[in-house]
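Before anything else, here's the structure in question.
Letters A, B, C and D name the chains as they come in the text, with residue numbers starting at 1 for each one.
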Amino acid sequence: MAFTYRRTIRFADTDAAGVVFFPNYLAICHEAYEESLAADGIELRSFFGGQDLVMPISKSQVEYLRPLTCGDKAGITLTTASLGPDSFSISYEVHRFGPPKKLAARVCTEHVCISPRTRERHALPAALAAWVAHHAA
Amino acid sequence: MAFTYRRTIRFADTDAAGVVFFPNYLAICHEAYEESLAADGIELRSFFGGQDLVMPISKSQVEYLRPLTCGDKAGITLTTASLGPDSFSISYEVHRFGPPKKLAARVCTEHVCISPRTRERHALPAALAAWVAHHAA
Amino acid sequence: MAFTYRRTIRFADTDAAGVVFFPNYLAICHEAYEESLAADGIELRSFFGGQDLVMPISKSQVEYLRPLTCGDKAGITLTTASLGPDSFSISYEVHRFGPPKKLAARVCTEHVCISPRTRERHALPAALAAWVAHHAA
Amino acid sequence: MAFTYRRTIRFADTDAAGVVFFPNYLAICHEAYEESLAADGIELRSFFGGQDLVMPISKSQVEYLRPLTCGDKAGITLTTASLGPDSFSISYEVHRFGPPKKLAARVCTEHVCISPRTRERHALPAALAAWVAHHAA
């Protein structure tokens, strides 16, 4: 089930070309990830503070389709896919609300669960596996 | 009349000390300024794109009282003060919602209206002067 | 011919996991792009201020291999590839200097030249085409 | 003894007004602080990773005098002042190299040493006290 996060584009997101600085699409999509985890009852501080297990991002991909500017109302819709017991991907579509609504970017990230001590792969914690299943495309 | 903007603290706001990176308080307060301008009907893209007049910040001050971490729910309350026909200040209080609600930072910025061509001071545009009056402490 | 840019990892680059925030790899690679353009005599302010032609990024890809932390000495090596008269790609390798030297990330961006007024594709300006040829893999 | 750090202004530093986004002056000055600590032999990862003692910033002040744009060559000169056994301040001047050289901003930060467990003030570690003495105005 897709999850949608709404976000106004801020002056801090922009660069001297007057539009959202291209790395910031990844940061904005990560906000949607955080909001979605929180909505499923996962506590962010301990999740990202990671003493036991950490979930680093191993890959990211962005297609930039239309620029976004300060004040634009954006919607970021995410769906997930399991890549095995210890990894998953998230696909995001970033829209600018209109009318007409326009697709601004497509983003994909891959995440791997590892033990911070050994750096070895480890099965996803149950709450995260449930979150992946909940938002599977 | 004070204006309050609500904002969840994001992973992107934090640094390796696990808390909001200190320059980001200014960026978060600027979001409250943007939201408040938009709420009073000022169009952000042209306001910050500034062909005719620009409103650069001439001073900023922050007192950091309590750290904020990823997932915290914050409220940023702003009030304004006129400093003359061509300048104004904004005072912000950043709270972390609780319970109990705690003051995390006090921020103040000063803004000057200038002509981008001559760099000379110029009276505030009417819509901005009205915004300053509307939110005066 | 490859171009290498050296960069110390800063506290501002990090996040609450204690390592470089993943979107910031794109920003750090863009610095290498800027430094390389400047080294070939291209004036950055007018290049990125873009009245006549703009060079937005249409795609980005990152593989994150090893985390980087505050104080690390990094080297970013770029090479280019022409994708036609109006577009090119840049491949980056981000290393952490050691000893031993370790590959931290592989990054790729695609760039398209367009006219800002019509949003239509346009041949690269001569100085940029020369830069692409100079750094071709 | 003053310490000077040289830094090219990057596209990532700028905002839609075409100049350095005002919170980023604090981040750029923090880079000068990091570089200066490293030059005096303080290891940044453990310093900012802070298990034993942490040095949060309690206040910051910036006067913005002249805008900086992408490609500008800047110099950030810092001097320190002791504020007691457990705190100190840093004064920064940010210049744009010319000719002529121009002052772009004046920045001041105050830092307090605390124990991360008790949040109580604690005397500066010896290496940091020596750094403060070394760069006293």
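Here are some notes:
Heads up, the rule we're going with is that a contact is a pair of C-beta atoms (placed from the backbone, for glycine too) under 8 Å apart; a residue touches a chain by one contact, two chains touch by 3 or more.
None of the values given here were measured: they were computed from a predicted structure.
Farthest chain from subunit B (centres taken as the mean of C-alpha atoms): C.
For the interfaces C-D and A-D, the C-beta contact count is higher for C-D. Inter-chain spacing, taken between the CA centroids of subunit A and subunit C, is 23 Å. One inter-chain figure worth recording: subunit C and subunit D are separated by 27 Å, centre to centre, where each centre is the mean of the chain's CA atoms. Per-chain Cα centroids separate subunit A from subunit D by 32 Å. Multi-chain contact residues of subunit C (touching two or more other chains): 11-12, 16, 18, 21, 23, 27, 30, 48-49, 69-70. In the complex of the two chains, the subunit D residues touching subunit B come out as 16-17, 21-27, 30, 48-50, 54, 56-64, 67. Remark: subunit D residues 8, 10-12, 18, 27, 30-31, 34-35, 38, 43-45, 48-49, 69-71 touch subunit C in the complex.
In the complex of the two chains, the subunit D residues touching subunit A come out as 11-12, 14-16, 18-19, 21, 23, 69-70.
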